[in-house]
Every structure is written in C-alpha cells, then in structure tokens.
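The structure follows.
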Amino acid sequence: MKNNAIILLSCPDQKGIVATVSNFLFKHNGNIVDSNQYTDKYDNMFFMRVEWELSQFKLSINETKTQFQKIADKFNMKWELNLSKQKFKTAIFVSQWTHCLYEVLLKKEANELPIDIDLIISNHKSIKSIAQQFKIDFFYFPISSSTKEEIEKEEIQLLKKRHINLILLARYMQIISENFISLYPNKIINIHHSFLPAFVGAKPYHQAYERGVKIIGATSHYATSNLDQGPIIEQDIIRVSHKDDIASLQNKGKFLEKKVFIRAIELHTENRILIYKNKTIIFD
Amino acid sequence: MKNNAIILLSCPDQKGIVATVSNFLFKHNGNIVDSNQYTDKYDNMFFMRVEWELSQFKLSINETKTQFQKIADKFNMKWELNLSKQKFKTAIFVSQWTHCLYEVLLKKEANELPIDIDLIISNHKSIKSIAQQFKIDFFYFPISSSTKEEIEKEEIQLLKKRHINLILLARYMQIISENFISLYPNKIINIHHSFLPAFVGAKPYHQAYERGVKIIGATSHYATSNLDQGPIIEQDIIRVSHKDDIASLQNKGKFLEKKVFIRAIELHTENRILIYKNKTIIFD
Amino acid sequence: MKNNAIILLSCPDQKGIVATVSNFLFKHNGNIVDSNQYTDKYDNMFFMRVEWELSQFKLSINETKTQFQKIADKFNMKWELNLSKQKFKTAIFVSQWTHCLYEVLLKKEANELPIDIDLIISNHKSIKSIAQQFKIDFFYFPISSSTKEEIEKEEIQLLKKRHINLILLARYMQIISENFISLYPNKIINIHHSFLPAFVGAKPYHQAYERGVKIIGATSHYATSNLDQGPIIEQDIIRVSHKDDIASLQNKGKFLEKKVFIRAIELHTENRILIYKNKTIIFD
Amino acid sequence: MKNNAIILLSCPDQKGIVATVSNFLFKHNGNIVDSNQYTDKYDNMFFMRVEWELSQFKLSINETKTQFQKIADKFNMKWELNLSKQKFKTAIFVSQWTHCLYEVLLKKEANELPIDIDLIISNHKSIKSIAQQFKIDFFYFPISSSTKEEIEKEEIQLLKKRHINLILLARYMQIISENFISLYPNKIINIHHSFLPAFVGAKPYHQAYERGVKIIGATSHYATSNLDQGPIIEQDIIRVSHKDDIASLQNKGKFLEKKVFIRAIELHTENRILIYKNKTIIFD
C-alpha cells in the first residue's frame, strides 16, 4: 500500500478554493488520487477531502503543513492532514456483549482495519480471555455509580499514557461522563442498537418490541455529551415481524450492529468524515 | 378468481383450537387453502387466520356464522368472517400531495386492489380534476380549525350514507378528531413519511434533515386517537446522505410512501391483519 | 433554479488535470458547485464531473467550448459540456405494460424530471388515451417481424425530425435492431425486470419463479446491440418467497421497475454518468 | 427450552389433511405451538410444518412415528419427524477464507445455533489453530485433482464414523464429487458469493466487477450434483458502485456471506425447510 496524504477542510464558500488547493498540490508534484467536495447551500459552507500520493511529492509533511496553513488562513479554513499509513491507536470498551468486539478483532487480524488495538477495557472479567487470545492488553474496571468518577480518572490516565486517539464503544452499555467525552471530541465511536432517533437510551430492542415496529436498526455515531444524540455516521436496518420476540430481535440485530459499527470505523479511519452542526459529511 | 371465506380469530391459547376449527371446515366439505397461526407466549394468546374455498362448501355464509359462533363461545374467541370477493367500500382523503392518491387510483384501475373507490375528499380544489379523470365522486371540504367540527360531521354523514368501511389517508395532512376516529376503529389507514416512532408529527423530512440520519423511512399504520401512535402495518426505508437536502428527501421518500401505503392496503383488504395491544399480527 | 454548466470528461491519468480544470474555471469567475473524480487504477484512466454556476461566469458557452478544447487536446480528453437547464427531448416507447409510463408522466407533470416528453410510441393502440390525457403526441406502430425494418425506418425519421436525444424504453418488450441502437449510443435507457445478469431475455419473472430465488430485481441500463448486456445504470431488489406465484412476482416487481427506471433517468438527465468499457461511472 | 416435535410433510392436496393431522395431535394431548401450510396451485401439492410440545404429549416418539405412518399412508405423504432438542452433528469444510467459519464457531459458542460441531476439515493447515482454539477436532486433507477420489473416500468414512448429518461448506472452494453429494442429499449447505443464478462458478466477485453491477449478493443453497444449481435457501445483497474494486467487493461481500450462511443454517436446523422441484418451501 502506497502512503497517501489526506486533507479534510471546511470554510465559508467562495470562488477559487478547489483551484488553489489543486494548484498547491500540482506545483509540488502531488498526484491527486481522490478529491471530493460538498457545499452546504443553506449556510454557504464548503467542505473538501483531497487525497494525493506522497511518493513523488516534493514537500515533507512538516513543510506541507506550514505551507498549507497559508492557504487555510486566506480562506479561513478549519483543516487537518492525515496519512493513510498512520494507524489509529485504538482502545476498545466493551461489556459482556462480545459480538462487536469479536468483529473488530477478527477484521483487524485479517488486516482489514487500519488500526492498532492497544488495549481492551471492560467491566466484565470474562473479557480477559478474549483479549489474551488476541494478545491485547486487558484492563478490568468494575465501574459502578459510586466508583465511576474515580475509575474514569484512571481510564483517562491510561488512555493518555498510551496516546490513544480512537475509542470504540463496542456495546459498552455504560454512560460515559461529559468530562471524559470532552477530552476525545469526535474520537469516540459508539454503536447503538436502534435506528436513531427512535429508541434512544436503554433497551432499544425491548422498546421496539413494545411499539411493534416492522423494521429494527442500528446506528453508529460519535459520542457527545447528549446520550445517543451525537453525529450519525452509519445506519442500517433489517425487517422483523410479530413473530420476533425480544430474543430474536437481539439475535437479528447483532448482524446489523457489527456491520454498521465496522462501516463507521472504516469511514473514520480512512479519514472520510467531516462534522458540521452535529451532522456528518461523509466522502465515501 | 374463486370466492373464498376467511376467518380471523383470537382467543386465550389452549389445546384443540386448530383441530376444532379444521374439523368444522372439513365436516362441511371446506378445502382449506391457507391456514396460519401465532401464539403470543408472553400473554398466552392464540391468533389464527384460515381461508377456505366456498365452491363446494356445504354451508351458507349465514349458517357458517351461526355454527362458528358456537366454537367461538367455547374458546372465548373474538372473530370475524370475510369473503375474498367482497370489495372494500373505500373513501380516500388527500391534501395537495397527490403521489399516494395516484398510486392507489392506478393500482385500482389495473385491478390490483380489491377495493371500490366510492369517493375522494380533499381540502384542495385542485384534486377535483384527478377525481373526474378516474370517474370518482369528489367532495371539497375547506377544513380549518374553526370549521373542523362542523365539517367532520358532514364528512361522517357522507361516509355513513355511502356505507364506507375503509378510509385511506393518502397524505391528508390534517389531524382527524378522536370522535371521528372512534367511529372507524382499525378501518382508517394512514401513511406517515418517517420510520416511526422516529419523527412523529409535522414535517418529518425536515426533522430527518436536522438530525442528519443516513436512512429515511415511511410507515403505514391504523389511525388511533394518539397521533402517529397507532398499530404499525408496514414500514420501509431508503438510504440518504449529507448531499440530500429537504427537497431530495421528499422526492426519495415519495417512492417509499407509495410502496408502503399500497402494501398496507393489500394486507388489510386481503384480511391478513389482526390487532392486539396496539400491534399488528400479519399473516402474509 | 440557476443555470449551471456541467463538463463530463475522461482521459489517461496524469498530474495536473484537476488543477488545470479548476484554474480554467476560476480564471473566468466560475463558482464550482460540485466536482467529483474517479481514477481507474487498473487502466490508469481518469474521469471527472465538474459543475459550475454560469451567473457570473465570464465566457459564453461557445467561448467555453473553444477554450476548453485546448485543455482537452493537451490531456487527450474525451469530454462533453451540458447545461442544467437544457431539457432532454424525450421519446417514450411502451407496450401494454403501463406502470413505468405512468410513473414517468406523473413525475414529469410534478416537475421532478428535467425532460420534455415529445412523443409516445407504442405497438398498442390502448396507449393513445393515456397520451391524450397528458397532452403528448402519440404514434401507433403495429410492429411485427415482417414490418419491423420498415417501421423502424419511420420511427427513426420521426425521432430525427423531432430532434429527440433521449429514448426511454418503458417496458417496450420489443427488440430494437442494431442499426437503430447505433444511432443513439448511450441515449436509449431500458428497464429490465430482473437483477441482471441473472435472467436475461424474455419472461424474467417466469425464470425467477422456476429457479426459486429469494430475491427479485430490476435493472436499468443503456441499450446496446447485445440484448440486456449494456452498461448498468441502476439496480434494486425486493425479497420474495415460495408463496409468490408469477403474478405476485410481477406485482411486486412493478414498484422496483418504476423506482429503478426513474433513478436511471434522473442520473442521466442530471449528466452524472460516464461510460467506460461497458460500465457506468456515476457521480451522484 | 422445551422439547418440541416437528413434522414436515408433503402430499397431493385434498380436503381433510389439516383436520386429520391436528386431530391426531389433539387426541394425544399435544399442544400445537406452530403450524404452517402451503399449497402449490400449479401442481396441486400440499406442504405442512407442524410443531407441538412434548411435555404433556401421551405418545412416545416411536409410538408417534408408528401411528403417524398410518395417516401418511392414507394421504400418500412424504414426511419426517424431528425434535427441537436434537442437535445436528455437524462437519465444517473450509478453505483459507475463514470469515464464515468464525461466524459459525462464535454463534455456536454463544448458544445461538442448535448444532454440535464435530469436526473441521480443510485443505489448509493454517485452519488447525482456529480449530484448537475452539476445541474442535481438525483434519487436514491436502486435496488436489489427482488425490481427490482417494481423499473423498477418507472423508466419507470419517463423516460416517462420526454420524455426521449436516455438512457446512463455509467457503470451501473445492468442487465435491457427485458421489459424495449423493450420500448427503439436502444435508450439505453451501454459501456462494453471488446472487445466484448470476455469476455461477469461480470468482463471482471478479465476474461482478467485470459486468459492472450496482448490487452484489450472496446465496446459501443445498449442494447438488449441478454446481451452484441446488435449491436456494437464502439470499441477500448490498449496493456497490464503480468505486469498488475487486478487493472492496470481497470485503463488502463478507458480511453478506456470513449473514446469509447463518440464516440458512438456522432455517435448516430449526426444521423449517421442505424441498420440492429443486426449490425450497420455508416456513419461517
């Protein structure tokens, strides 16, 4: 796999942005392999993702950053630069529900996700054997309402020490404090087992059963301080019927959760997501 | 098309129901062409749909009803008997959004729905020309908050005079009073342009746009006195993205609405739906 | 609706294409509202769609074409320029199956398709009344194997006289000659009632029934001289079961056909489709 | 979980079948928990699945079989009786593609599949460590065209010794001989990575890429002597685009394959499938 650079940027719309960015890359011998843009007509905002090959590019990453900042200043851009080879340092939080955890571990093992899984954190000791099997560090934190503040402090310390920049809530089932979340803005990906905004909060399959819906869903989103209200990355659904009891809804939902969660992780780690006004702009 | 009889029944579960019902039909030379059952394990309730050919059946409809009542009494059944040839006398309520109206009219014209469309009611005069084109009686009721009570009285009178037993709200966009709805329990089918319970009430596509969902849906349900809370008959969804503005959500949603609405009408008019605890049991 | 210009182009990949095109537009005060690109890595081919506003653009369409040709020559581009306001002059061919015809006519009437429907051609006289209802010229051509050559000549003459540049085969059910098709390359859109390449040719629903598939589909594609082998524009599917006989497969398939056909027409008329090696590249 | 008995039967349609079967069960104090039927109108054939609780049933399994045979003789039925608690003795055949294998192993471990996995057979040694991890016997058979006949003999001997009654081809990628297949009619479940009948045979994702389809699929079916032509149990699809190269088709297809394969195994092991004329009748 070649190493590419990817810039994600947003700014007020005006003429010349695409020309300026593409000229900059061309001038330094960059071959653009993918370029995508979107304009929010209501707010007159411009969003762009551009990916180019580094093999013949004349600037170092640092030079690129310095020079691109001048363009950014001119257009009042918010922007970030990432490298396709730069793997995300990842922590997985999980409860006793292991299907999403296994899916991530197996996809990683098959080299299908650009992440390094640094550690697994759980409030269930039983997860330890899975972590060992995949040779990943495991930390048991028996969180409860009384220990929560204390334990979150330890967790945050651990995440910082390990330089974690991606947190996967693989059916974690615990509410994370606002303070914790604020340290990792748009870096915590959750999987919720309903088609949000339907059935927020606890036991969505029970809620779906009660309401008698004919489809159930799963939603992967960035965690924000409002429970289940963060920017939606991916959703999918499956048909159900009156014959499905809660157990069979849970069973059918597992596939959805795995699929939707993995897709969200792929989109994030391929640097395809911009966030604006609590919504995602996804260049896939 | 042969004329078949269909019984829909529900009762507390116990042994011998299927045997008793199937014996009754066999004894009188009825050929069962479809039989389906469901047991709600939580409440120990039994539900059944049985359809048989009338061509060689020895009892008249009236005799069947009289004799079946004895079985019903024994098992404490709620039940109804319908005939496959008996077309529903149908009224369509519609606003200026005509896509669902057209779909129903064209399906009816192509002999794909077992209904007789007796009349179309709208608060928009422009619908008159469509009604004329399909040779259906049209009534213009310029409903408003001040005229609502008066106009609903007229509408009810009209529906009664015409012996209407199925009301289709084909994107009617008006809230019908509890009193009106109570006269037609499980006989009013609405199409709502969201995957309920997400986005109840007005402007669901606007709500969907604001929330940034990645799928939109449509839901057809029986109207009850709680807005958008009635038993769900059918739902479906379509994928959308950040590129979809409200207009394109509306445009993509039209197909869904038509498809979901028609499917609900098919299921109702083929007598495939039982209702229990605000949920539908559908024998399709 | 603003009038925009759209260029679709393809050429061997090399550095500087995006920069050159975006500079050209920027230099003449063009505001790019959408830009999308794709590189075929196997063949090293580059494809691009760029759309810009004409309101403040300094060049006339003719000047744009002349000047852009110089860029095209430099990069060895194939390209075309279209205007978003320029409606396609459309002819619809149809048999006795009218659901796709009605869908197109109603979408057009609701201003949801950028086409002018110039004429309807059918081998069934019954279509005349539909054409009249929508005030569209109708031509009855009772085509048969013996009359085919003669009638196609007349049809081609008619299409030329009317300057038709889009032909919709809305379930036409007749095989069009190679000669006819060659006059309208990538301008004839067909709807086939299967998920191609499964069930090419006649009676796909019968074939699907025989094979016992659990999903049926529909495919819209450009007509080429190889029956049902042209570039695929859009496909969709619906679940079926052993309970579906051929009639119910046909009934369920109608929604699919309408949806897929309309989507293909939208993509084509919004100038979003490039064709390469009998495949479509769709910038949606 | 209660132990239930399930009868699957088929016979020429006539009056009285349902009555006779339900009477038989009622007479011996059987509580029917699910009953489903289907009539093939073209061939006048009747199919039924009936499931009842054994807890209060008065007959032993052997008595049931003896007595039901009399009913079967009267109506000329083909039938079988299974018990819900009777786990299928299962062998998994697999190549180097392990995603379907893992899915089955993890579902089994989570008690979500009523099977006992007796052994795993592969032509790849690398599978051994997976088998060990799940504590399942592993057999390495380095099959090739020259060794095939010999090796299949060994495999058949092994399967017989172990009393295997369900064989899962979890992406096995080897063609099994007619002789082998004939020993396990409707007991070998294959997963094929296309929406059959499109793209039979080798490399369906390559074929899909070449044809430029907009959806890819997966199909699970019973293996018969005609490659990829056996009765279809389950199918599903996912949307793709021109941006998907063969690797990304394979990646997207993995979810489909897992989901479709597991669903087929569930339907088979819950005794929900009857086969008639190379098609499945599924009572789900």
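In this document, chain identifiers A, B, C and D correspond to the written order of the chains, with residue numbering beginning at 1 in each.
Assume a contact is a pair of C-beta atoms (placed from the backbone, for glycine too) under 8 Å apart; a residue touches a chain by one contact, two chains touch by 3 or more.
Just so you know, these numbers come straight off a predicted model, no measurement behind them.
*Asks:* Could you run down the chains that neighbour subunit A and subunit D together?
*Replies:* B, C
*Asks:* With contacts defined as at the top, give the pair, A-B or A-C, that has more of them.
*Replies:* It is A-B, judged by the count of C-beta pairs in contact.
*Asks:* From the centre of subunit C, which other chain's Cα mean sits the farthest off?
*Replies:* Farthest chain from subunit C, going by C-alpha centroids: D.
*Asks:* For subunit A versus subunit C, what separation do you get between their C-alpha means, in angstrom?
*Replies:* Each chain's C-alpha centroid was found; their separation is 37 Å.
*Asks:* Counting in whole Å, what is the centre-to-centre distance of subunit A and subunit B, each centre being its mean C-alpha position?
*Replies:* 42
*Asks:* Among all residues of subunit B, which ones touch two or more of the remaining chains?
*Replies:* Residues 243.
*Asks:* Okay, in this complex, where on subunit B does subunit A touch?
*Replies:* 38, 41-42, 195-199, 211-215, 217, 231-237, 241-243, 245, 278-282
*Asks:* Help me check something: in the complex, which residues belonging to subunit C touch subunit A?
*Replies:* 13, 15-16, 18-19, 22-23, 25-26, 29-37, 39, 239
*Asks:* For subunit D, which residues count as touching subunit A in their complex?
*Replies:* Contacts found on subunit D: 98-99, 102, 106, 110, 112, 133, 243, 251, 255, 258-259, 262, 284.
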